[in-house]
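Look for subunit A in each of the two complexes below; its partner is subunit B in the first and subunit C in the second.
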Partner chain A sequence: MAFLTIQILNSLLYASVLFLIAAGLSLIFGVMRIINLAHGSLYAVGAYVTAWLVGRGIALGLPSGWLFLLLPFGALSVALIGIVIEPLLLRPFYRRAEEYQLLVTFGLIQILEDSIRLIWGGTPLSADALMDALPIIHVGGLLYPAYNLVVIGIGVVAALALWVAIYHTKFGVMLRATSQDRRMASALGLNVGLVYVMAFGIGCFMAGLGGAIVVPTQAAVLGMGIDALVIAFVVVVIGGLGSLKGALVGALVVSFVRTAGIQFFPELELAVLYLIAALVLLVRPTGLFGTA
Partner chain B sequence: MEKTTPSVNRRAFLNTLGVTVGGTGLIGAGLVGGSQLLKAAQDPAKGRVPDTPFKTGHMTFLTGAGAVLGEPSIKGHTMAAEEINAQGGLLGKRKIETITADEAAGTDACVKEVRRMKLDAKIDMFTGVISSGTSPAVGPVAEELGLLTILTDGCTDFLFDKAIPNPKYVFRITNIQSSDGITAAIGVAQTWPHVRKIAHIHPDYAYGRNAYEHFTLALERLVPGTEIVSESWPKLFTTDFTAHITKIMSAQPDLLVASVWGGDYVAFYKQALRYGLFDKMKVASTIAFGVAPHAIGKDHPEGVLAGVHSNYYFTYPGGDRWPLNKSFVQRYFKRWNEYPNFQSEGAYMALYLLKSAIERANKLTGGWPEDEAIISQLEGIGIDAPSGYLYMRPDHQAYKDAVTGFSKNLPGYEFASWDPARIITIPIRNITAPLGWPKPGTTHNESTAAANWIKTTWPKVVG
Partner chain C sequence: MKPDPNTPRNRSLLRLAAAMAPILLLLILLPTFVETYQIQLVTYGLIAAIAALGFNLLLGYTGLLSFGHSAYFGIGAYTVAFVVQHLGPHSMEFYILIGIPVVAIVSALFGYICVRHTRIFFGILTLAISQVVYSLVLKLYWVTGGSDGLRVPRPALLLGLLNFSGPRAFQQFITSYYYYVLAIFVVCVVLMWVVVHSPFGKALQAIRDNEVRARFLGLSIRRFRWISFLVSGTFTGLAGILWVPLNGLTTPDVLYWTFSGEIVFSALLGGFRNFTGPIVGGIVFTYLKTYAVATTEYWQLLLGVVLVTLVLVLPTGIVGGLSMLGLRLSKGRS
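The block that comes next holds the complex of A and B.
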C-alpha cells in the first residue's frame, strides 16, 4: 500500500508542475489566440534562474530556510521576460496568419535555448539545498521528501488563485471579455493592450513558477524546456486548449496515466500518453473542455 | 549451442577475460614506446607540403540536452587543434581549421550538413558525432562522398555491422557500444556475484536497448540464475524519474542496472537519493560518469558502479604511471578550467590519430599524402593516448581497454569521482567479437556480432 501512496504522490507532483506549464500555455492561447511554442523554454528559464539564485544564495551563506524566498524570483524573472516580449515581439503578429506566430515563437525557442547555454553552460545546475532543507518523511518503510509535498501544495494554491483571478475579479471579467471578443472589449473602453501584457505575464509567471519549484527536485538541464513543451501539448490536447479546467484535468490524466504506464506497461511508457491524446482527439476533437 | 559450452568457475573465467581491479591494468600500454603526442615533429616533413589550411568539420550537439556531451567534445577537438597548430600545423605546415555543425538539428539535417561541409565548405576531414542515431546515417554518406572521417562517438555496433560493413573512409575511435553492457556485467560479476533479482532502467532508444541486451547476455553467463524483476524505459531526456524510482523499489531488486546518461542521470540520481533507492540495492551503470566530471555532485552516493561508456575517466591511468594522461588532464584543465570526459579525450585523440597517420604517410611518400595513403596508415595504427594504448583495427573500429569504476568522494575534487583502488579494466579484445566475426544477417541474425559471439563462445560459469 505504501508503494501505491507514493505513486499517487508522484503523480500529483508531476501533475502540479504540468498544470503550471499547461495553464499558462492555455491562458495565453485563450486570451491572445496565439500558440506560444517558446512556453517550455520559459519554464526552463525559470528553472535555471532559480538554480542560479540558489547557488548564489548558498555562496553568500544564506541559511537554507531563506533560500525558499528565492523561488518567486525565478518565476518573476520569467514574467518580466514575458512582459517585454509580448508587446515588442508577438503583438505585431496577432493579425497575421498562424504560421507567422508559429515561426516567431519557434525562433524564440532557439533564442532562449541558446541564451540558456551561453549564460549557464552545458553542465546541469542543481538547487537541491532546498530539498535538503526539509525533512524526508517515512511512508510505511519508504522515503518521501517533504519538499515534493510543497510542490504539490503550490500547484493546488496556484490552481485556486488562477481560478479566483479569472472568475471572481474585475480583472478576470476584463480578461474573459477580451478573450471572447477583442474588438467589442476595445470598443467598450478596455485597454486591450494592457490586458494582453497582463495575461501574457501571468502565463509566463506560471511557467516560470513551474520551473522554479521543480528544479530542486531534479536539476536544470539543457533541453528540459522542449520536453516540457511536448508534454504540455499533450495536456492541452486532452484537456482542451484555452480552458483552465482542461489544463487541470489534462495534467491529472497525463500524470496518472504516465505513472500507471511506468508501473504496469513499461514498454509502452512512450506510447501511452499519445494513445490517450489520439483517443481524445477522435472522440472530442476540441479536447475534454475545449470550445470552438 | 549451450550444450557445447563447458562449465567454468567464475573466478577462473574472469581471469581468462583478463579483468583487473585496482588500476594495475594498462595492458598493452607503451608498445609504441614513450609518449609521442606532444613531441614536436623533429623530423621535418619530406617533400613539398602546401601551407593551405586543413579543414575539418566537427559535428556534435551544440544545443539541446545532448550539449552536455557536446561541449566536452568540442573542447577536446579545439585543444588538439590548438596544440597541433602551435607546432606549425600538420606536417608543420597546414594549420587545422574547424567548422562545426549542430547534431541536434536531427538525422536528416545532419546528413545534409555533411554533404554541404564536403561539397560547399570543402572540408578535408569530418570528425565528431555523439548519437548512435546519427552515425549510421552520416557514415554511408561519408563513404559515398569519399570523405575521410573519424567518428569520436556514435558507438552503435550497427554502424560497422550493417550500415557500412566494409568501410573505406570512415573510422571510429570510441569503443563499440556492446562493450558497455558487457563491461558493466563483468563489474557486477566481479563485485556482487550474489545478486539475483535485477531491475533495469534504460532510455528508450538504441543505446538503452543495446546496453540492456548485452548486459543481460553477459550476466546470464557470468552469474547464472538471476531474474529480471523490473524494467523501466523512460524517454530519452526525461527529468522526472519519481514514478520509475518507486516502481523499481516496489520490485525489491538486489541490483539496479542503468544506462541513463547526461543530464538525465544527474536528475535521476538526485531523485533516487532522496527516495532512499541507493540504500536498498546495488546500482550498476554503463555511463553514469560519462558526463563532464563536475556535473556529478558531492551528494552522489559512493560504491555505485559508475561507468564511463567503457572508454575513459580522467583519473585513470592515475598518478605518474601514465604521464601522457597526467599532462593531458593538466593542459585540459588549464585551457578550460574543468576536467575532461571520454568525449573530450576521443575528440582530442581523433586529431592526433590523424596527425600521426599523416606523418607516417609522409615519411613513405613525401609531400602531402593522398587520402588513400592516410587511410592505409590509419588501418592498424597503434598510438599512445591519455586513456592508454589505442589501436585502430584494420576494419576501422578502434580498440582501447574497457574501463569502469566505483564512485567515491575524494577530498581533492569538488565532485564525486572514482575510487582509485577499485578501478576495473578489461582488455577490449576479450569482450568484443574479433575481427572478421560473422556480421548480423550473414550466418546469424542476432542484433550484433558481439551478441552472436558471446552466445557462441562464452561458457556459463558455475560457483
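The block that comes next holds the complex of A and C.
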C-alpha cells in the first residue's frame, strides 16, 4: 500500500513538471499558432540557471531556506529570454508557412543547447541542497523527500494561477480574443504585439519554472531539454494542443503511464507513450480536449 | 511513337541533362585528383543528397513537412546491420535487395497512418512514429546493441566481383564505393525527375497548391499522398542502406528526431522549391557540418545560427537564391 502511495506521489511529481512544460507549449500554440520546438531547451535553461544560482548562493553562504527564493529567478530568466526571442526571431514568421516557423525554432534548439554547453560545460549541474534542506518524511513505513511534495504543490498552484489568469482576468480575455481571431482583436484596438510577447513570456516562464523546480530532484544535464520536448509533445497531443485542461490531463496520463512503465515494462515504456500519442492523433486528431 | 523533342517536358529534360553532364564528368574524374578523405566526404554528401531528394518529394512537391524521416534512413541502416548479423553474405547488392523492400513496407505502413493528417499534425505524427522506432531500437539492446549500435563490415561490391582486403583495402573500398554510390545517385535523380514530371507528380503538386480544387477534379488525395510518402521514405531508406557500410557502424543517433531535422535543414539549405535544391543542400550540408565540427566544439551553435539566418534571409535556399540572381542579371542585360 505504501509502495503504491509512493508510486502515485512520484507520478504526481512528474505530472507537475510535465504540466508546466506542456502548458507553456500549449499556451504559445493556442495564442500564436506556432509550435515552439525550442520549448524544451528553454526548460533546460531554467534548470541550469537555477542550479547555477543555487551553487552561487551556497558559495556565498546563504542559509538553505533562502535558497528557495532563487527558484523564481530561474524561471524569470527564461521568461526574459522569451521576451527577447519573440519580437526578434519569431515575429517575422507569423505570416509565412509554418514550415519556416518549425525550422527557425529548430535552429533555436541548436543555438540554445550549445549555448548551455558553452556556458556551463558538459558536467551535470546539481542543486540538491534544496532537497536536503527539507526533511524526509515517512509515508506508511517508506521514506519520501518532502521537497517532492513542494514540487507537486507548485504544480497545483501554477495550474490554478494559469486557469484564473486565462479565464478570470482582463488579460485572459485579451489573450483568448487574440487566440480566436487575431485580426478582429487587432481591429478592436488590442495591442496584439504586446499580447504575443506576454503570452510567449508566460509560456517561457512556465517552462523555466518547470526546470527550476525539477533541478533539485535531478541534476541538470545536456540533452534534458530535447527529451523534455518530445515528452511534452506527447502530452499536448494526448490532451489537445492549445487547451489548458488538455495539458493537465495529458500530463497526468503520461506521468502515470511512465511511472507504471518504468516499474513493469521498462523496455517499452517510451514506445508505449509514443504509441498512445499516435493512436490519439488517429482517433481524435485534435486531442482529447483540443479545438485547434 | 517517337518522342517529340519540342514538348516542354522533353526540353526541360534536355536542360537537366545539359546541366548535369559537366557536373557528372567532374564527379567521375574527381578521384584522380583528390585524396581519399575528400572522396569519402563527397560520398557522404551524395548519400545525404539522396535522402534529401526523397524527403523533398513530400515537402516540396506534396506540401507535407515530415519531421520523422530519420526513421526511414535508420531503418535502412539497421536492416543492413541485421542482414550482416543474421543472414551472412557480405554483398552490397544483397543488402539493397533486402533493404529496399523493408523500407518500402515500413514507409507504406507509417505513411498510411500519417497521411490522414496534414500541416502541423502531420509533422507531429511523423515525429512521434519515428520516436517509437528510436526508443525501441535504444531499449531493445539485445537485438539492436542499444546505444552502442551495430557494426557493419565492408561489403563486397558488384556480386562479389570487388572484394577489399590487404594493405590498401580502405582506399580501394572508398574509391570503388564512391563510384557505386555515384551510379545509384544518378539513377535516383533520374527516377525522381521522372516521378515529379509524371502525371502522378503533377497531381501531387496540384494537391499541394489547392487541395479542394484537386479533390473536385476527382483526385483521390489521400492515396496520392500515401504513394508520395512511400516513394519518399524508400528513397531516404536507400540513403540509409548506402550510408551504413561507409560509416561502418549504425547507432540510434540516426533514428533520433534531430537527425530528421538535419534532413529538413539540407532540403531547405538547397531550396525545397527546386528539383535540384535538396541535392545541392545535401552535399553542402555535409560539408558545412564537417567543417563546423572540425572548427569548433560548438558546431551545433554554428549550424543553428546558419539555419536561423538562412530562414530569415534566404528562404528559397541556395538554388532558389542563385536562380533569382541569375534572373535579375539576365533581366538587367536585356
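Basically, the second predicted complex is superposed on the first by the 290 of 292 C-alpha atoms of A that agree within 3 Å, B and C clash if a C-alpha of one lies under 4 Å from a C-alpha of the other, contacts with A are read in each partner's own complex, and residues count from 1 in each chain.
We take it that a residue touches a chain if its C-beta (ideal position, glycine included) is under 8 Å from a C-beta of that chain, and two chains touch if they have at least 3 such contacts.
Note that the coordinates shown come from a computational prediction; the quantities given were computed from them, not determined experimentally.
Superposition of the two complexes onto subunit A shows a clash between subunit B and subunit C. By the touch criterion stated above, A:Ile226 is placed in contact with subunit B and with subunit C alike. Applying the stated contact rule after C-alpha superposition, one finds that A:Phe289 touches neither subunit B nor subunit C. Applying the stated contact rule after C-alpha superposition, one finds that A:Pro145 touches subunit B and leaves subunit C untouched. Look at A:Leu270: by the touch rule set out above, it reaches both subunit B and subunit C. Applying the stated contact rule after C-alpha superposition, one finds that A:Ile35 touches subunit C and leaves subunit B untouched.
By the touch criterion defined above, A:Val104 reaches subunit C but does not reach subunit B.
Of the two partner chains, subunit C is the only one touched by A:Val237; subunit B is not.
In the superposition on chain A, A:Glu113 contacts both subunit B and subunit C.
Shared-chain residue A:Ala278: touches subunit C; no touch with subunit B. With chain A as the common frame, the single stretch of subunit C that clashes into subunit B is 147-155; none of the other options in 21-29, 57-65, 129-137 or 147-155 do. Taken together, the two complexes place residues 110, 113-114, 117, 226, 266-267, 269-270 of subunit A in contact with subunit B and also with subunit C.
Across the complex, subunit B is touched by residues 3, 6-7, 10-11, 13-14, 17, 110, 113-114, 117, 121-124, 126, 128, 131, 136, 142-145, 148, 214, 217-219, 221-224, 226-227, 258-259, 262-263, 266-267, 269-270 of subunit A.
Chain contact summary for the complex, subunit C toward subunit A: residues 59, 65, 67, 113, 116-117, 119-121, 123-125, 127-129, 131-132, 135-136, 138-140, 257-258, 261, 264-265, 268, 297-301, 303-308, 311-312, 315. Considering their complex, residues 35, 89, 92-93, 96, 98-100, 102-104, 106-111, 113-115, 117-118, 226, 230, 233-234, 237, 266-271, 274-275, 277-278, 281-282, 285 of subunit A touch subunit C.
Only residues 63-68, 70-71, 204, 230-235, 237-240, 242-244, 246-247, 249-250, 262-264, 266-267, 270-271, 274-276, 291-292, 294-295, 297, 299 of subunit B touch subunit A when the two sit together in their complex.
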